[in-house]
Amino acid sequence: MKAVIINFKAYEEGSGERAVSLAKAVEDVSKKVDFYMAVCPPFVDLSDVMGGVEIDVFAQHTDAVSYGSHTGRITPEMLKEKGVKGSLINHSERRLRLADIDYLVSKFRELELISVVCTNNVATTKAAAALSPDYVAIEPPELIGSGIPVSKAEPEVVENSVKAAKEIDSSVKVLCGAGIATYEDVVAAIDLGADGVLLASGVVKAKDQKKALEELVGLR
Amino acid sequence: MKAVIINFKAYEEGSGERAVSLAKAVEDVSKKVDFYMAVCPPFVDLSDVMGGVEIDVFAQHTDAVSYGSHTGRITPEMLKEKGVKGSLINHSERRLRLADIDYLVSKFRELELISVVCTNNVATTKAAAALSPDYVAIEPPELIGSGIPVSKAEPEVVENSVKAAKEIDSSVKVLCGAGIATYEDVVAAIDLGADGVLLASGVVKAKDQKKALEELVGLR
Amino acid sequence: MKAVIINFKAYEEGSGERAVSLAKAVEDVSKKVDFYMAVCPPFVDLSDVMGGVEIDVFAQHTDAVSYGSHTGRITPEMLKEKGVKGSLINHSERRLRLADIDYLVSKFRELELISVVCTNNVATTKAAAALSPDYVAIEPPELIGSGIPVSKAEPEVVENSVKAAKEIDSSVKVLCGAGIATYEDVVAAIDLGADGVLLASGVVKAKDQKKALEELVGLR
Amino acid sequence: MKAVIINFKAYEEGSGERAVSLAKAVEDVSKKVDFYMAVCPPFVDLSDVMGGVEIDVFAQHTDAVSYGSHTGRITPEMLKEKGVKGSLINHSERRLRLADIDYLVSKFRELELISVVCTNNVATTKAAAALSPDYVAIEPPELIGSGIPVSKAEPEVVENSVKAAKEIDSSVKVLCGAGIATYEDVVAAIDLGADGVLLASGVVKAKDQKKALEELVGLR
């Protein structure tokens, strides 16, 4: 099943009570389509969102440490205990050091959390795939939040990323991010070999989030 | 009223369900004594802890950004909306840049959140006081988690910090941190001019957390 | 004597052989005017610039560590041994944590190096002054590289910064940065109470650097 | 030819005038043996060291930016112009984000600078090899500065790193670091498939640096 993962970022429209209602809208839509749909609310909203929906909930980031004297940090073990299903790792707005990405991917495997490592081009997709995460999400930084889908602007980046990742480890799934907003974009990404999409503003910042979601998955 | 603020860090003993029960123990004890008592659980536990107790709940850290494209970040506005009362800022395990400390203190004032800026010596206490936060918490890094109270090891650091802070801005309250574990330590800190204490392992890592709490506030 | 400190940044026009020739131009001009003039070339050019001129040479940044296992870091002791006179600290393009600014200012005092701590507003200027560096350089970030002098756009920021700094420690000198390019700007800054200016693009990126320097100090 | 690269770190014994004399000692020794020998002094000593020796000189770190408004940063272009031959990238004491490692490796290729990407285990070696740098230097962090050679403590890490790197890109050379101090260690590393060694304290912190160098390459 192809994946549609929605990152709420620190958008006002995806925080607090609005995080819970947006997650509910995603859940409603997910029941009508054949996509695996998951949401990534802010840390402080994870618990309330999980209390309100049954779809998978991801963190937007995790720190590369275990339990201990780490004031202000969120560890993989904390997420696991809360019932969080996985996390974005190395998002372009929260880049991590290579050794820390490796620590997290490896720890997630051990804890059976789903790892989604974000990358910015073909070379870093290849490098991330070498760590064998569950997903690599390729997002050319210049297209993030642009409204221009990577599948249209740079289709060869998606194609070559999929090819590079699968050559290194055929079990790694590749998501296509940056600029995705319509069903056409999703279909184009899948046609280029992607296993799904990662998106944010296209839904979260939409005037009518529910309508944007329905359009995204082909219900309108 | 003198303050006793307890930082749960990323300790296993202060995470998940244990964060909620520890916060309840703090609440129970707080009812029997004349201290202002507050707790700082991990981000992901804030909501559940606030659902379980009525004492003030603080974050351990806040990011110096507002709502927007900031994946993985927690903003002052998010804390306000959740009902969180304030946050530690610049803890020794999560140091911030000067401009970011200023941003947060200033934004907290605007949002009526309580700012607790951590510092490491007299000079940085003076600098932090110049930003007029609600609290400065002086914690010599070499004593954090040591079991040796700063009030005993370096009483002049506490005294001079209090003096320096009050000279700059008499409304700034000064907490004494690092190595605090017993009622004797709390009393010593207050005798040196402190408005309270900030502590972590002395309670969170104690074999019997409830007993440690009672000892801390003079109930045993 | 009022100060004019020129930051070469990582500009191509202020790197390599061009760092040496620009420093020579600054030296030539400095002989004709009653300003203390100093230059801040990139780390890798410090030695060659010091070999070519007799005016004071500063680093653009220093790391808050001493000699040891710190690959890729430049320590205060290294600068002292090389004959470098001081360093910018906490420039807006290289912000530091409060504890590290304090470490550097304190270590510079011990080694008799000149500390120039950059700040972004009145509150951080006050905080920086509390550490008693030699200079605080106030540069509103939005004006850096803008060509709009802070002395014109926000004169009250300069005036209040000078006032706040001197109240905390009257021996701290205050430089005015951001957008300075002409003699008029320099005079305006001094009239507002500044002890000099810190600038970069106004000279380094000028089509004719020598001419820009002469205009800056009132020789044209 | 097998490589022996010596990182001077920020050691007092490898800074200032001592950087130049240590580099001369390395040059003397290099003439008597069949190793490619290169040195990595601090940024501020690069120019003087290159003035004193003819062997290859590397930086310890490079920032992932080009010429521009980057106060305190050292760019690949600056190193090229100075005549520096390459740089360590992502040393364990100066870890970088994955996207920045990729930027540097790619820019170094364009500028014909030699890239030496440091890694900490087999997985990150594989990831780094996917970026096709000139060298990957595998250094288990727990052995750095320990005096215990990785070739002895964890021979399988070296063997598997070499294997993993060559599978991804057979043109990538693999150095073995951490704990290397004697000729026996160098031979063991080469026997495990390494193309050379990267070391620091074994030579720089030795009581007699010249003697340590001679022992390292089998002259004693």
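We just call them A, B, C and D in the order they show up, numbering each chain from 1.
The definition used in the following text is that contacts are C-beta pairs under 8 Å (C-beta built on N, C-alpha and C of every residue); 3 or more make two chains touch, one makes a residue touch a chain.
This one's a predicted model, so the numbers in the text were calculated from it and none came from an experiment.
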- request: Could you tell me which chains are in contact with chain A and with chain D alike?
  value: none
Task: If you line up contacts by residue number, which pair in C-D, A-B or B-C shares over half of them with A-D? Let me know.
output: B-C
- request: Taking CA centroids for every chain, report which one is farthest away from chain B.
  value: D
Distance between chain centroids, defined by C-alpha means - chain A, chain C (Å): 43
- prompt: Which whole number of Å gives the spacing of the CA centres of chain B and chain C?
  reply: 36
- prompt: Cα centroid separation between chain C and chain D, in whole Å?
  reply: 34
- request: Check each residue of chain B and list the ones that touch at least two other chains.
  value: 92
Field: Sites on chain A touched by chain B in the complex
entry: 7, 9-12, 15-17, 42-48, 59-61, 65, 67-75, 77-79, 81-82, 84, 88, 91-94, 144-145, 200-201
Statement: In the complex, chain D touches chain A at residues 90, 92, 95-102, 105-106, 119-121, 123-124, 126-132, 168
